[in-house]
Amino acid sequence: MPEMLKEILKNLVSKPATVNYPFVKPEPLPATRGALSWDMDRCDQCQDCERVCPSMAIKVLPEEKRVEYQPFKCLFCFLCIDNCMQQAISNSTTLTAPGYEKRVEVFEIKKQ
Amino acid sequence: MKLMTKARLKSPWVLHFDTGSCNGCDIEILAALTPKFDAERFGIVNIGDPKQADILLITGPANHRNKTVLKNLYDQMPEPKLVMAIGECACSGAIFHNCPNTLGGVDKVVPVDVYVPGCAARPEQIVDGVVLALQKLAEKSEQLEKKEKKGE
Amino acid sequence: MSSHNTATIQKEYTVFPFGPQHPVLPEPIQLRFTLDEEKIVDVVPQLGYVHRGIERAAELNDYKRNIYLCERVCGICNYIHGMTYCRVIEDLTDTEVPERAKYLRIIWQEMGRLQSHLLWLGLFADAIGFESLFMQIWRDREIILTLNEKTNGHRIHLSTNAIGGARKDIDASLAKEYRKDLELVREKIKVLEPVFYKDKSFRQLTEGKGILPKNQANFMGAVGPTIRGSGIPQDMRTLDPTCKALDFKPVVYESCDSYARTLVRFDEVFQSIELINKALDQMPDGPILNKNEKFPEGTTIVRTEQPRGELIYYVEGNGTNKLSRVKIRTPTGANIPSLVSMLIGHELPDIPVIVHSIDPCISCTERYVQVKKEAS
Amino acid sequence: MTQEIDMALRVLYVLSAPILAGLLTGIDRKLTARMQSRMGPPLLQPFYDLIKLWGKEPFITNNIQPTLAFGYLAFTVTGISLIALQEDLLFILYTVLIADVCLAVAAYSTKSPYSNLGGKRELLAMLSIEPIMVLTAIGVHLITGSFQISSIFAYPTPLIFILPAALAVQVIVLVIDMKKSPFDISGSSHAHQSLVRGVYTEFSGYTQALVELGHWLKVYFTMSLIALFWAQNFLIGGAIAFVLFFVAILIDNLYPRLDWKDMLKTSWTFGFIMILVNLIVIVVFKVI
């Protein structure tokens, strides 16, 4: 007797396990590692994040007073968040969106 | 004529090639085909034959050995075709940026149409990426048809 | 290509390339089969398609940055790779790991194994054309991945390793979810037990295929489920005192064929769930991270058990922030000689079964295999 | 008047074949998906695939391949038309056999080892279903005294009551024809096997569309035969054929792929014995 029979018939009559993404978007879990952003009011350009980043996705340019972040290079390991003394980096639970180009995100300190 | 474009959008068959990824993205591509995400909803079939595929999914940073294989596979695919770089290391080398045998991103070998971030790229992101790719496919399809009309 | 192989081609055997791009193998390895009709006469593995040079990069980086590079030696056993690297560095810097972190490591290590074994059982089903079983197992595997995401935010790469402990903790409410979800997985996989134990067609396909006798397994240096399926209880987890405290015993099957290797993995799924549950129960309270800013000095070896077998990290430190040598020996590399010996004499339709039965993972294997320029 | 309606029905049967056959494939994919607790593609998916393939840039491996692909389709269509004309059963079976040969030769005509092995296995698949079909046809002859399809209709009782075992054996034929596991050895719709796409490997663009359409029609043809043999009422016949179709999909999901030896073994032993026993029972007990 084929042993899968019961399971298959059960599957056939029950609802499919499919989440109809992207038409149905499930709530992201609170721990989900999504896109990063820099709060430049807090950042003191110490370059700690650049130093710990294992894939060199961050460039801190103290002279130009800005941070360049490459979401298409980032591993979402969040070492930068853990290591920033100023807690200037924060993450959302929204996943980084795919794109036609490799974006570079620039965060600048507003000039007074 | 519009029917053809619609059919193309409804039936993107994919070919997956690993150019030295860590497997993370490969298993997520497979996960995108399995019940929870079921990419077959969009007509996506993992076809395994470059001559019959529409979208080439590449994972991994590409290296000196497999770049010829990759180029070959790309050339064997008939038009209209698209290339998606899945995962950070396929996009830019990411963690493998200083590995001596990697090229740092598959766009050094073949033109890439859609970049999907994430390490590993999650099935949701891959599905989003396919949606983007389909928009591009629609443009390509229309261009192709215009060309055909001119040719006649 | 060996001269032996060229000689056989002249006798007009078919040379059948399996890979590097092949749907049965998600990863690019090429096995060149020389076939007499459908019978395998010779196999020449061709490697190098995923070689990246990770070991070299690990020597170029600051040693602290390497954790996540080592995780990405491979995505499937990522946690164990990262953990082994951390343990090597802890050894070299004399860092004491807090008790709680040790238990956390066991939990995530077993989560990785669970995920990997389920993945493999599915892929194996797929390789033999059992699509419904593949879908079923991968559907249930999603529960594990979601659980991973609940704790760490990632489905695949956990990124919770840190030198001297762990970056994340499992609190009481999470532990409850772990127990609940793992029970769910256990039930769902239990349902499939008759398929693996009894299903006639499944047994017909795997029994007696790819025999690796006990002494041969030892001689060829097989590791992991491959050697345990040949009746030798070799498991690196027995070296781990924390694992010992949870009275861990390796799963062993005696029949030496693909079927035995499948059952080892199937049983280990339940064993892993049990281990995680025990670890959750016995986990002491306390800190999880013990920072130490010393630079690694000296040489050391750490052996751990990956889902596919023994993993060895050998590291030389020289008292600076860079390491002078990182050497990783992975299970698939150790199993390839066994694979070649298993394949010869079998027929073409058996290839997927046998190749899969060692669970070949090329990603981690190809850091060190010497790359020769391919002719043509 | 009835003759005209009859004529119209026959024309309708041939003309609607591609649409019905495509829908069947769609239903197949949907059912398979649901058995695997997936949502599955839309019902019209096969048509989208076909139209897309038609619009793809063709890579022709050699000159003879498109002709053979077309031959595959043409002979299958001929087979279906011959059913509509209620021609000689053996004639119909061998016409469709030529279609299969076309496919196998097309696969052989290329250099790819995958394709060649696939072609070889396609021949083996033919080898295992043809005897069953022919034996069944002989059974029909035994009962009705003729190979003509019209004689089946003229016979007083539906054949389902006389040849039940032969009907059951048709499941094997259907499984092999649909290229479903355990017997999807020569090629499958998904790429999950050691031969990649088997016989289909070297087709692309419009030749692939032709072959794909041919394959749908081949399944449709087998199902029509099943429907024809066992009932005189189209609807009942269709229902029987559909039940068998469902069983074939179920079997696909229940078994892993076996090799060609098992396929030959199953069809030549199990299939033969079932039909032979059926025929012997008929002859001995004079059921007719």
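Think of it as A, B, C and D in the order they're written, each chain with its own count starting at 1.
Heads up, the rule we're going with is that contacts are C-beta pairs under 8 Å (C-beta built on N, C-alpha and C of every residue); 3 or more make two chains touch, one makes a residue touch a chain.
All figures in this text were calculated on a predicted structure; none of them were measured in a lab.
A.B. asks: Out of curiosity, which chains are bumping into both chain A and chain D?
C.D. replies: Touching chain A as well as chain D, we find B, C.
A.B. asks: When I count C-beta pairs in contact, which pair ends up with more: A-B or B-C?
C.D. replies: Looking at contacts between chains, B-C has the larger number.
A.B. asks: Quick one: chain A and chain B, Cα centre-to-centre, how many Å?
C.D. replies: 21
A.B. asks: Go ahead and note the Å separation of the Cα centroids belonging to chain A and chain C.
C.D. replies: 27
A.B. asks: Just give me the whole-number Å value for how far the CA centre of chain C lies from that of chain D.
C.D. replies: Here chain C and chain D have centroids separated by 43 Å.
A.B. asks: Scan chain C for residues touching two or more other chains and write them down.
C.D. replies: 22-23, 61, 68-69, 72, 132-136, 139, 142, 154, 157, 201
A.B. asks: Provide the list of chain D residues touching at least two other chains, using ranges where the numbers run on.
C.D. replies: Counting only residues that touch two or more other chains, chain D contributes 33, 35-40, 190-192, 196, 253-255.
A.B. asks: Give the residues of chain B touching no fewer than two other chains, as numbers and ranges.
C.D. replies: Correct list: 34-36, 38, 41, 46, 48, 95, 119, 122.
A.B. asks: Could you classify the connectivity of these chains, where an edge means two chains touch, as line, ring, star, complete or other?
C.D. replies: Looks like everything touches everything, fully connected.
A.B. asks: Within the complex, which stretch of chain C touches chain D?
C.D. replies: Touch residues, chain C against chain D: 14-18, 22-24, 38, 125-136, 139, 201-202, 204-205, 347-349, 351-352.
A.B. asks: Can you check the complex and tell me which residues of chain B touch chain A?
C.D. replies: Within the complex, chain B touches chain A at residues 35-38, 41, 88, 91-95, 97, 113-119, 122-125, 127-129, 131-132, 136.
A.B. asks: Which of the residues in chain B come into contact with chain D in the complex?
C.D. replies: On the chain B side, the touching residues are 3-4, 6-8, 10-11, 13, 34-35, 38, 40-43, 45-49, 51-52, 54, 76, 78-80, 141.
A.B. asks: Which positions of chain C touch chain B when the two form their complex?
C.D. replies: Answer in residue numbers: 20-23, 26-28, 48-54, 56-57, 60-61, 68-69, 71-76, 78, 119, 122-123, 134-135, 138-139, 141-142, 145, 154-157, 361, 363, 366, 371, 374.
A.B. asks: Would you tell me which residues of chain A are touching chain C in their complex?
C.D. replies: 2-4, 7-8, 11, 17, 29, 31-33, 52, 54-55, 75-79, 82
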